[in-house]
Structure formats: structure tokens, C-alpha cells
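There are two complexes below, and they share chain A, which is joined by chain B in the first and by chain C in the second.
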Partner chain A sequence: MKTVRQQVLRRSLLGIIGFALTASLASAASVSEVAPTEWTDQLGRFFSFRDPSLRYALVGSILLGLSCGLLGSFIVVRRMALVGDALSHAVLPGVALGFLWNMTKDPVAIFIGAIIAGLAGTSMVSALIKTTRLKADTALGLVLASFFAVGMCLLSMIQNLPTGNKSGLNAFLFGQVAALGADDIQLMGIVTGIAVLLVVLFYKELLTTSFDAGFARVSGIPAEWVHHGLMLVLAAAIVIALQAVGVVLVSAMLITPAAAAYLLTDRLHRMLMLASIFGVLAGVTGAFFSFVGRGLPTGPLMVIGASIVFAAAYFFGPRHGVLARWWRQRQSASRTERENTLKALYHVWENDGYRDVGVTLRGLAERRRETLDEALRRSEELQHHGLATINRDTVYFTPEGRQRATEIVRNHRLWELYLTNTANIAPDHVHEDAEKIEHILGESVVRELERRLNYATEDPHGKPIPGPRDIHVGPVVELGRGDK
Partner chain B sequence: MNAPIDTAIPLEIHDLTVAYHKKPVLWGVDLEVPAGQLVGIIGPNGAGKSTLIKACMGLLPRQSGWVKVFGQSLSDVPTRVGYVPQRESVDWDFPVNVMDVVLMGRYGRLGLLRRLGKADREVARECLERVKMLPYANRQISNLSGGQQQRIFLARALAQQADLYFMDEPFAGVDAATETAIVEVLGELRDQGKTLIVVHHDLPTARSYFDSLLLLNMNVVAFGPTEQVFTSENLQKTYGGRLTILSEVASTLGAEASGAPGRR
Partner chain C sequence: MSELIPSFDWQRVMIDPWTLDLSLYGWIFLMGFCATAACGLVGNYLILRRMALMGDAVSHSVLPGLVIAFLLTDSRGTTPMFLGALVAGILTTVLVESIHRRTRVKQDAAIGIAFTTLFAIGVLLVSLFSNQIDLDAECVLYGEIAFVPLEPLVTLGGVELGPISLVRMVAVLLGVAVLILVFYKELLIASFDEALAKAMRINPTWVHYGLMAVLSVVVVSAFEAVGAILVIAMLILPGATASLLTDRLGVMHFIAIGHAAISAWLGVGLGVWLDCSIGAAMVVGGAFVFGVVWMGTLLTKLKRQRSKPQQSGATVSAPASVS
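Right, the complex of A and B next:
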């Protein structure tokens, strides 16, 4: 079983690498311009994949979705979401300086400048935390804002310069996937390939240091190096995503797909895969609508796509989803409802001194202070679940129904007795509490209660507490006992 | 390389001083723990119990002094040291299951770029069996009770197959059944000749659980066989007010060294 899981993991990770490599090879073509047409034509062009600029946009968004989803998962499980945000803002001055280096949008110069700025930002944060009483969130917010401000100033200065080819610099702010060129795609392919490779090679180190850094260090795993390596690759992934998503929103591409995956699975390797898939999905959706919608900024569209995936995971997740939880609540509510009906039937039966075999609908309705229709509906619900049968206007327990009814009554009275005896609560205050507890008491707790109460046979109100014999065989009929 | 049993002292601490923000928490600790001992560290809150074992493992920077593990520095013999951290030190919503956590105990032996083998999984299963948690191997860790979580941590440490174990409050907040199970496993490990250093917070049980006790309050108050050390005089020294002057001086020292204005 374990080995099958491992194979699946290995195969899918290999698939991801292959995917990344093909993607980077596809970037060998050249750029051409997008001619103005109607959106229907755009749609046709999108799905024909003939347009090279469209191919760049698609490949680019797939690559960035993949690397952001993959690395974002570690950001989420290491609780470093704010670090991702700060890092993405801190790179902006580096982008501007990279441009100033040779007055052109050279991806490598911009990449190096951005990485340096990002690392300077994070080391400044660590320095602030170490040397002052400031906590991480304040230090991050402070550095994030100041670096971003410097970047904004530098960018607008560049816009006002008389020389240089400044086209496409705006893309760094809001994200424009159409601004990607062949050399951008190549860089994205390399960074994504390295990120995937490192995650596959150092999966167990990343897992251990993320879960328990202290333990990892004691067992000889270089946790510091793993952390710094991760931060470096993360900075690189942010920088390659920058042009397509924009400075402001790039951290959302790290966090949102990973957060959606976190809601859906309980294993890290599955989370990594799901987050990568969600990232790619969001990236492609953003590229598609940006292309069809002509000139709409790609970044916001990608993030909206990722947020929709997250919302879907939040509402429709099989285990932790809102819908699933609502369904489970409903199930337990209707079970409680049935058990209350059983209890009412038992009470009528008990007050009759267990004489009649069945209970009339009228008796049930009177006990519950409800109409005959409601009593009938309740009984039909029991019949539907095999707990009772209805014959004309009389309800009969099935053996299973009688057993459950006796158990519920026992739970109720045991709990009342426990509260009055042990917790010194007045007998007239314990009923409400027992009404809730009776449905959730497990057998082992019941055994414990019985033992602590010395196998008492009467509750605080003088009613008999059913014992094991009553539950499994049935009550002893004592004439004259009922009708109190 | 390492003989399974050697004559080297499992743990030797010399003049160890540890400080948080320049304020000393441990002061001049000297200690030599012989092999095959189950040692309990007891002392009041803030006495530096956890700090001591963390500093031994290099998880906290040392202001001065040295620690030797089997005669060597810890980084030279990582596979001989096992660790059970405090349960609260990790995020129990982390996406891993019980088996994943126990297998982490094998990673130190594997080394970089190597993958888990069948033998590692077999060891992990045996360790889970020893703490009676094998039926829960595929459970997500957030669905466990506190006692079960503690047993998982113990199983992970067992999977390390170390010779010297550090355990940080393994009995904190666990149920009676877990406490018995842990005591049993600790006894077995000691009988195999392993050395165990256990931070403990409960005085009455400390007496029956441990062979030796280390009474700690910023420095070593007493260390030795339980029946000799567990005296009211020693406990009074450890938990009583004897050290208030020492800790006051330490605060002033910390404030001066970090350049901050003295507080309080």
C-alpha cells in the first residue's frame, strides 16, 4: 500500500518535471504582435494556439502557476504567508534598478536586481526582529512598505527619463501576461524546473523542517540551510511571476492555491500536487480572460480565478467543506429527532407499566404535546429507519428501536443522577443538560458513570434507570408499578 | 564507526551558561551523566529545565562552556541523540499522518538525497507498536488526543534508535494510560543501556520514575541517585527563595548588557 502511494507520488512529480521542461522548450519561438479584433475572433485565436504571443502567455501562466502553487504550499504550512507578501513587495526597487543597469527590460538583469532587493528586505526584517522588541508582523509590514515606496519612486523616475525602451515596465505593477517575451519564458522555465527539482530532491528535509524545525536540527538536518534555500527559490519564483501577476497580487498566487489545497487534503505531498494544479488552473484562466477581454490586467484575473478555486474548496470540500459539515449536522439533528421520538414512546409505554405492546399515536401526540399529524410523521420517520412499525393507529417498537429507546432513557437518567450527586446541581436544573448529553454518551462513558454511581437504579426524580437486562431483554412487567 | 556500547560518557556539560537577550537563564552548569541512567530534571517554572536540554542539543546558543556527547560534539554524532520536544512546539493541524511523523525519526540516519526503504518502514511500525499506536498509523495527527500525540512523539524518538535521549515534559497533559505506557518504554530503554534525560514537572511521581534526579534552578542544586538527592532540604533549596538575589542580579545584568533601560 505504502509503495503504491510512493510510486504514484514519484510518477506525478516526474510528470511535473517533464511538463516544466517541455514548457521551457516551447519558448523557442519568436514574438509577434496582437492585431485588434472582436472578442469572438479572440476566442477563436485562443483555442487555435497559433498566435506565438498567446503561446508565451499560456506557457508563462502555466509555469508561474506551477511554481507558485508548489512553493506556496510550504509558505502556508510554515505559517510564512506574510513573508511571501513582504518579499513580493520588497523586490520592486530591484526591478527598477535592474532596468536602470542597461536601460532596457533585460530579464536577467531585472531578475538579479529583484533577488538582491528581496533578500535585502528579508534580512532587514530578521535584523529588526533580533535587535528590537518589534515582533515579526510589524517588522514585515514596515520593511514591505518602505521597499515598495522606494520601488514606486524609482519606477516613476524611469517613466520620466528621456532615453531607454520603457515599454512593459507597468506590467510589473498590475501584471500583463501579454508582455512576456521568449527570454522571459526561458527564465521562467529554468526557475520552475529548479524549484520542482529541489522540492523532489529535498522533500523529506522540507517536510521535517516545516513540521518540527528543532527535531530536524537535532537529527542532523541543516534546517537553516533548508530555510534559506527555500527563501531563495521563493524569491526567484516571485520575480518570474511578477510581470504576469504584478507586485501587488503575486503573494495571492502563492497563498490562495495552497490554502485551497490545504482545505482538501491531510497529506503534504497531495497538498503540493493539488496546489500546483490549482495554480496552473488559475494562471491559465487569468491568461484566457485577459486575452479574450483585450488588455484586462492578467494578475487580478488570475487571483480571481484562484479565489474561485478556494471558494469551491471552502464550500464543497468533502471533509472540511461547509456543505459537508452542514450535511453532517443535519444528519445528527435528524438522529436526535428520532431518538427523542423513541424516548417519548418509551415514556408512554413506561407510564402504562409496559402493559401494552404498542403505543397509540394519540398517546405519543399527547406526550409530545403535538398534533396527531406530527405524531404520525415522527412515527413514519422511525418506521423508515427500521426502529418502529405502524399498524393502523398504533406504533410498535422493533427490537432495535426498543433497545435504542431504553439506552437513551438510561443515558438521560444516569446523567441527571451524575449531575445531582457529583456536581451538586439541583435536581430541577439537570433535565435540560441531560436532553443534550443523552444523544452523545458513548458506551464506555456509560460504563464509567454506572460504576461511579454504584449501579444506582433510580434517578433524582425517582424514575427507574434501565440496566443492561432492560436494554437487551426488555423491562420486567410489574403490575401496578406504572400509572403514578 | 561508533561501537554500540563504549566507555565514553553519554553527556558531559562543563560551565554551561545560556542567556535569553543577554539575561542568563542557566549559570555555570557542570554535569556528567553516566550511561544507562534514567535521569529526571526537576525544578520550578523558569528554572531553565527546557533551556538546559535545548542548549545541550545546540538548539539555543551557548554563552559559554561546552557540551560533549559520547566524548564528541553533537554535530559529529547526530544519530546517537534522540529528542522528544514539547507537544505544544508543533502545529498539530500540519498535513501529515501518524506514520509520516514517526518516519521523520529515520531521516537523520538516511542522510541527504536518500529515500526511505522497507527497513525504515518496518522500524517505524515496530516503534508505533511499542507505544500501542499502530492501529492509528494512517490517522491525520489533528484527530489525536494529547496522550496519543505524546506517544507519537515518543515513537518518533524510538525510530531514531539513539543512545542518548532528551525528552521535554513527556508526561505533560497526558492521560493515566499514556503515562504508564511511557514509563514502561522509558524503563525498557534504560535496561537496553540507553541514557535518558527527562524534563519533569511533577514532584511526587519524580521520586518513583527516575534513577537519578537533577534538581535545577538556574544552576545545579543537586544531582545524584534519587534516594540521596530527593530530600526536603534539597527541594527547599530548589523551590524555595534562596535564588532570588541571583535572578535579580541576572535581570540587571541582562538589561545592562543589551543597553536597554532597566525594567521594574
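Right, the complex of A and C next:
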């Protein structure tokens, strides 16, 4: 924006001329440019809430965060994130035409122009996809950039006009909450209210069409109409957010808070709630720093605020966060490793005819084709989890360990038999698959497998499949020896 | 309205730029043509690989790379500019991948998050350091193609080559053309048949990242002339027009170059006539060409349907498969 350069110029001039100039600056786009105050003064002004334009800025950013977060949730779950981006760029020619209507920044004229341009853009995208072989992404990018270029042409033509009150028009590019006026706030309030009302009224329809198009069709919900209605409300929300965030970054206010919420919950109503809170948070943070930073563009600051929230959810989300996922993967990897050790111990034990004297480390190492050190490390891991005990060079199952080992072997052999019998896979091809599935088969699936295989006792390779008795009491041979 | 749209003066709009003011508009035309042609050549592959929106993303996110490179080296040289853009372009790709591979967030949302964040950082840096770097936020959006003729001319061995950003753009265009010629087979196979590409030991990941790297260099060299958002138009419009007209990748390249020339010419005319930003006018010209081609294909389709009404009727009413 030119204002950035002008601002630097203005400040240096202020130093020389002083107060003589402040009067002419009163109409500047940013309230904070009025006087060259220190940022601590600005901080004081911010928290005293005495400035009317500051109050407008705050209320405006709260309203826009709310509506963007709410509607953004739907575009994120419906995989239309970049439709928001295209829509926000396509409204620019409408903004310019709305301004030309009566040569002033009349919110209602700009609002109507922008909505018409936005809807023209989205219908053009659908028309392109329907009538040509261009894919959705190409059509979106094409419409986005072409409409934006038309808007840019119009805006640069307006800048060259001799008449009209053009101040604040540049705010549409990168956003300036300080440029919001009372009539803007009024419009934002109305649109946000309508958006909230519509979401509450049509929650069921929106939910169904977003997640289960088939069910929506069967229950007679007009998915097309829901889509078009959502587009219309979305266009309205984008237009009211434009002045504060700017054309370029408004899509981030739609996508980022909603995506952060999506990482934190599985329920749509909670996601809507969280996304609105995150949107408001990002909006207010952006307004705050823009005010304290004296005329920094608000849009980028809001977006960075939203991105920080997303980054936090990305890393620290309790269920879908990267750290939680990494921790779970590590847990499951080490559990798989322990179970594989248990299985190897069982195999050695089985080959020895279930002798009660335990398995030597050497035997384990040979079975797994590993060094003695590795076998010892594995056994210590088992001991640590109470699945085995080590006495000198011999590993003994604890009852719990023996039970888990028998279960794993049973799962493996059952699955191999199931694949050979039911899926007709050659017996020498089933081992790899069983290696993976043995760790995750649950008890109910095992019951079902046993039933379907008529409680078979031998796997395709002729090895016995342990039954419930073997698991809970122990192999018969071992019992016999133990009795002696 | 009459003061908004000046009357169309044939002499002023169509003749003067190419005769009297050739030293001015000649450079602007060449810059527009080279930028659109280079973008269009790369854009062809973006369209084929359904990555048009990665072009959108990279064209925004090179901004922080550019600004940081300028701030660090305290210059506006070519090397830091390209390096910054490369790093930013690759960073975008990595960010997008790590968001949509590791979480349940889908790729489109991941693209949206990654590039807006980087672009926001870029705009903020521009606003904070606008007195130190010769970029302003407006130039970031729609470039300053009108300033190209004002740049110092580069001379090589006593011969004046042209304004520096034009020389850079020509070099990038030639580089892109050479790369496409050398790696044509790899690009073709990796774009159309990933399985075959794997069988032929063409690593799709390398092709992907290579394309992204070339994209960032092309985007950044066109950036100064036309700005972030219009770059997307230049990436997509030539290829989209070409893919309406032909099925052959080789032919697409030539159509894209032709489209670039026409849209640059239309842009100069439109810009002079309406006295608006010439960069934006070039995109409007390109969009106009696309619109004409689109209408043309629609009309021929309609004609064909009319000449064979029964056949087309049969295909339309074919029942959907019953599951």
C-alpha cells in the first residue's frame, strides 16, 4: 500500500513541522497514525477502550472472527478450502464497481457489488468444470486470478480519477481494522447474526450434507440448495471481513482457525465453537498488534495469530496432534517389538517341547538371528514390563507373559489358516500378513475366526494353534511336568 | 462513468505505443511476454498434474523469501533473490506435505494454511522494513511492469541488452525451455503415468520437488513485474487455453507461448487505453483470449450435438451404474 511509504514520509515531516500537520492527517486511514506516540502510550490507549475507532476495530474483529470461524468449519470439512480463496479474490471487481456506484465507500453498495461478483465467480468455476475438461483446481485458479486482475484494473483506474473520496479503498487489499466505521460495524453485525442464525436453524442439514451425501439424498435434503445457500452466506462473510483482513488473506481467516479446531475435536458442534473462538482470538490479536504497531496492516497480523493457534494444535493436539501421534506410534512400535520377542521365546519353548526350565538367551538370539547383546536387551525390556524374568542366562515367562505370548502365536496361526482356507492364498504367502495382524486382532475378532474355522487346532504349516485352555492354564505338557 | 473510461483513440492506443513510444512499451511488451511465456510453460505441467493451486501457493509464499534475502544481503541482486525464492518455494512444499500427510487436514486446507501464513509474514516484513528495501506492499500485489523501462540497462561487451529485470526474465525463460527439452520424457511420464515412471526409475518425488524449484524461480523473476496474484493467472491461463485446444503436450507449449504474446499485446493496448495497471491489463487480455477460446469450444460442441442428435442423446441418457 502507498500508505506505508507515505507513513514513513509523514513521520519524518512531522518531526520538522510538528503539530501544524496533524490536523491534515486526521483523515488518514489509520487512527494510530494521527500522532507519533510511543508504543507504550498506544498500549495505554488500547486498554482504556476510550477511542471510538478502537472500539469499532475491536468489535469488528470479534464479529469477523466469529463469522469466519463458523463458516470456515464447513468449508474445511467439505474440502472446499480453496473455494473460499477463489471467492475472496473474485469479489474485488465487485468492490470496485460498488465504489463506482456513487463514488464513495458506501458499505451497502460495496457489499452488494461484491456478493454479485463473488457469485458470478463461483458459477463461472462450476460452468468451467462442467463444460470443459479443466479440473477444479485449474478452474478455481483461473477464475480467482482473472477476476482479481479485472478488479486491479478497475482499482487503478479509480486511483487515477480526479474526483471521489478514495481513502480507505486500499484497505481492501491488506486490511485495516482502523478504517472501519460505525456503518461498517452495523453491516458486520447483521451479517454475522444472520450467519449464526442460519447455522443454528439448518445445523442438521449442514451436518448431513457435509459428512454423508448419500444419507442426505435419501432423507430428502436438497444438497444443491444447501450448497448454494452456504456459498451465499460465505460470500457475505468474506465481504464483511474484507476491510479488516484484506482480499488476499481473508481465506486464511476461514481456513486456519477451522483447521485448528478440526485437529482438536471430532464433533461438528464443538468444532464450530472452537473455530469461532480461535477466529475471535486471532482477530483481536491482529487488531491489538496493528494498533500498537501504529498502522501495520491488520490482515497479516490476524493471519499470523491464526497460524500460531494452528501450529499449537498441530503439535500439541491431544488426539490428532503430531506429538501425540508420534508418542502413540512409539508406544505401539515398542509394544510390537515386545510381542515379537515374546513370540520368539514361545517358539523356542515350543520347539523344546514346553520344557519348564525357561529359554536361554543363546536360544533366543539364534531364533531371532541376533547377537547375544540384542537378545539380552530385548529380554530386559520384557522384564521391565513384567512379562518375563531373567536369571543369569535364562529367560523365564511370567504367567502374564506366557499368556500374551500364547495369544500372539494363536492370532498368527489363526490368521494364516483363515487366509489359506477362506481367501485361498497359498500357505507360503500368508506369513507376512499374519506378522502384522497378530498384534492388533481383538478378542471378539478371534472368537469369530475360531468359529468360522470350526475351532481348528492346526495351522497350514502343521503347527498346533493354542486354544483358550493353553492360554489361561498353559500347555498340557507343561502342566504334566509341573505336576511331577 | 465517462471520466472512468476514456474514449478509444485508435492512434493513441494501437499505433503510438509501437512507433513513437516503442522505447517505452517495447520493453514492457517484452517483459510481459517473457514472464507469461515462462510461467505458461511451467504452468502446463501444473495443470496436467492437478497442482494449479500449488502455483497459487508458491507465488504467494516466495514473498518472505525475497524480503529476507534482500534484508540479509542488503542488496537487490539476482542471486539472493533466486536463493530466497527457492528456499521459500521448497519450504511451502514441505509445509503442505507435513500438514496433510501427518494430520487429518486435507491437502486443499493445508495449501491454504501454508501459503497464507508465509505471505502474511512477507507482507508484515515489507511493512516493517519498507524504508530498507525497495519493495512496497502494492508492488507485491500487482507489480510494477511500467517501471521496467526505467531500470538501468545491462550492457555485455559493449552491447546494450536491456533493463535488468528483462534480461533476468529472458534468461529464466531460456532456462525453462532448455530444462523442458532435456527432461521432456521424464516430465511427460511422471505427469501421466506414475506407475510407469516408477518402473522406469523416474523418482516422482524428485520430479515434484524439481518442478517446485523451477516454479519458485520463474515466479520470483516474474513477481517484480506482475506481482503475486497476477502470476497465478500467468501460470494457469496459457496452459488452460492450450488444453482446451489440443491433446498433445508438445503442441500445448507452442499454444501457451502464442497465448503469452497475444495477452502481452492486448495488455499494452488495454493499459494505454484505460490508463490502468498494465500488468493487470495483460491478465485481463489473457483471460479474454481464454474466454474466446472457451466460447469457441462450446459452440463447436453444440454444433456437433445438433448434427448427431440421436447419438448424443443416447450417451446423455445412459443410466448410471447400479451398485
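One rule holds in what follows: the second predicted complex is superposed on the first by the 288 of 484 C-alpha atoms of A that agree within 3 Å, B and C clash if a C-alpha of one lies under 4 Å from a C-alpha of the other, contacts with A are read in each partner's own complex, and residues count from 1 in each chain.
Everything that follows uses one rule, which is that contacts are C-beta pairs under 8 Å (C-beta built on N, C-alpha and C of every residue); 3 or more make two chains touch, one makes a residue touch a chain.
None of the values given here were measured: they were computed from a predicted structure.
In the superposition on chain A, A:I304 makes contact with chain C only, not with chain B. Number of chain A residues touched is higher for C, counting chain B against chain C. Of the two partner chains, chain C is the only one that A:F148 touches; chain B does not reach it. In the superposition on chain A, A:R79 makes contact with both chain B and chain C. Judged by the touch definition given at the top, the superposed model places A:R355 against neither chain B nor chain C. By the touch criterion stated above, A:I221 is placed in contact with chain B alone, chain C being left untouched. Of the two partner chains, neither chain B nor chain C is touched by A:K436. When the two complexes are overlaid on their common chain A, residue A:P162 makes contact with chain C while staying clear of chain B.
Judged by the touch definition given at the top, the superposed model places A:Y262 against both chain B and chain C. When the two complexes are superposed on chain A, the residues of chain A that touch both chain B and chain C are 2, 79, 262.
Chain C meets chain A in the complex at residues 1, 3-5, 47, 50-53, 55-56, 60, 99, 102-106, 108-109, 111-113, 116-117, 119-121, 123-124, 126-128, 130-131, 136-138, 141-142, 228-230, 232-233, 235-237, 239-240, 243-244, 270, 274-277, 279-281, 283-284, 286-287, 290, 294, 297-298, 301. Against chain B, the residues of chain A that register as touching in their complex are 2, 77, 79, 201-202, 204-205, 207-208, 210-212, 214-221, 262, 265-268, 270-271. Of all the residues in chain A, the ones that touch chain C in their complex are 1-2, 4-5, 8, 76, 79-82, 84-85, 89, 100, 128, 131-135, 137-138, 140-142, 144-146, 148-150, 152-154, 156-158, 160-163, 170, 173-174, 248-249, 251-252, 255-256, 258-259, 262-263, 296-297, 299-301, 303-304, 307, 310, 314, 320-322, 325. By the touch criterion given at the top, residues 54, 57-59, 74-75, 78-79, 81-83, 85, 89-91, 94-97, 99-101, 104-105, 107-108, 110, 112-113, 115-116, 121, 140, 142, 156, 160, 166 of chain B touch chain A in their complex.
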